[in-house]
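Presented sequentially are two complexes of chain A, the first with chain B as partner and the second with chain C.
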Partner chain A sequence: MTEKFISIEDVVHKVIRPEAGAINTFIGTVRELTDGKRTLYLTYEAYASMAEKMMARIGTEIEEKWPDAKVAITHRVGRLEISDVAVVLAVSTPHRADAYEASRYAIERIKQMVPIWKKEHWDTGEEWIGNQQGTKAYALGSKTKEDLHG
Partner chain B sequence: MTEKFISIEDVVHKVIRPEAGAINTFIGTVRELTDGKRTLYLTYEAYASMAEKMMARIGTEIEEKWPDAKVAITHRVGRLEISDVAVVLAVSTPHRADAYEASRYAIERIKQMVPIWKKEHWDTGEEWIGNQQGTKAYALGSKTKEDLHG
Partner chain C sequence: MVNVLLFAQFQEAAGRETVEIEAAGQSVAHVKSVLKENYNLQDLDQAMTSINEEYVDMDTILNDGDTVAFIPPVSGG
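Up next is the complex of A and B:
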């Protein structure tokens, strides 16, 4: 996890190795329009230690399901502008079918499991998004990062 | 097409745009072992003008099937060492499901259509591979790049 610009090249280079012939990456960028609403910018906040732990767990999970796979995940937090890179996921495998499957699986698990919250700054107002699947914040009850830490 | 090192970042940046929230990339790297044989290095040769035309055609094909998609493809030719990046494909779309599907489709079309030949330099000898699907060279008869150009 980082507050700085993510280098796609750096994430990919973590999984390049002689055994691999295929790398699939997923890169999430900040989209301007969602259901007709215009985003001005986003803020991501994370329960950092748990987010790191969950990303590591997803890596292990993938490497158990696809024993030939190697995974790297980096998520950015803080303020992001339109088109900024929010997350980079890279999976390398010997052959390409596995790289696609494992990558697809990994991004769904990231969206499900990693405690990172997104605040939408629309041109019409602001809204906390509970998690990356777009669930509303109140689905989490009143838990804040501080509650989760405490 | 290029004889130089491919910048993954440069290919991805061709498809980043405000309308997109998802980018899927496929990166092909030189694998050391294939069915127990060890590759020392590879040589790729292309029928360059046709390869460029075919890559552009695949881009158009994708953008017809997925009207919200944008595609960039770069292939390297010449001598490549183990773990070198041979091809980078990037597809951006508003949402991730389409990015994965279009990317998967694109790489299969590249392997089918783009006239790039791979020469395997094994530790036990050399072998021309007819196309990127692994078809043997003789499937192409005696055609060389010169024949195809002539």
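Up next is the complex of A and C:
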């Protein structure tokens, strides 16, 4: 966890090692438009000590599922502007297939169980995302997209 | 005493970050009902709960000195 700018390079360097033949990174950035609504900036808040514990646990889960994998995760909190980097994760493995799968697993688990919350600020107001209204709106949004593509 | 941590929308609704409750020997569900009644936290049913930074269910019994957190639906990443 950090309150400062995340160096993508620093996170990647944590997993570089001779055994690795592949490093997959995921970089989460602040999106301006969500379902047509313009975000001005975000604030992230965390239960920092537990969040770090849960991120370490995700690392352990990955090393159990992909024994040759090494993972590094950094998440930023505080105020973030549009296109700022909110999260960087890197996974190194001997071969690329595992690096892709494990990095997907890591970000999905972060979104399930790491106690971090984001608040979207608009010119018309603000809201903690993940609350009842936000969850419903997003669920409907993704369902609509699926319907369109399906 | 049990120390209760509030975050995000719960912290804003209650107007405070922590609450101390006499709840040793009681369940997490009991603490939740006390908070709902006294701190304007009707949305607590959507929360996950942790004791001492580990997720637990509503039946878990609290010990003196435990730290309980009501964790709103998370939105990191």
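Rule of thumb we're sticking to: the second predicted complex is superposed on the first by the 129 of 150 C-alpha atoms of A that agree within 3 Å, B and C clash if a C-alpha of one lies under 4 Å from a C-alpha of the other, contacts with A are read in each partner's own complex, and residues count from 1 in each chain.
The working rule: a contact is a pair of C-beta atoms (placed from the backbone, for glycine too) under 8 Å apart; a residue touches a chain by one contact, two chains touch by 3 or more.
Bear in mind the structure is a predicted one, so any value in this text is a computation, not a measurement.
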item: Chain B versus chain C as contact partner of A:G28, first or second or both or neither; value: both
item: Touching partner for A:E9 - first (chain B), second (chain C), both, neither; value: first
item: First (chain B), second (chain C), both or neither touched by A:I107; value: both
item: Which of chain B and chain C A:E19 touches, first, second, both or neither; value: first
item: Touching partner for A:E45 - first (chain B), second (chain C), both, neither; value: second
item: Partner chain(s) touched by A:G59 [first = chain B, second = chain C, both, neither]; value: neither
item: Touched partner set for A:I82, first chain B, second chain C, both or neither; value: first
item: Footprint overlap on chain A, comparing chain B with chain C; value: 28, 107
item: Interfacial residue positions of chain B with respect to chain A in the complex; value: 7-9, 12, 16-33, 82-83, 85, 92, 94, 96, 99-100, 103-104, 107
item: Residues on chain C engaged by chain A in the complex (per definition of touch); value: 5, 7-9, 12, 43, 46, 50, 53, 55, 69, 71-77
item: Footprint of chain C on chain A - complex, ascending; value: 28, 44-47, 49-51, 53, 75, 86-87, 107, 110-119, 128-132, 134-135
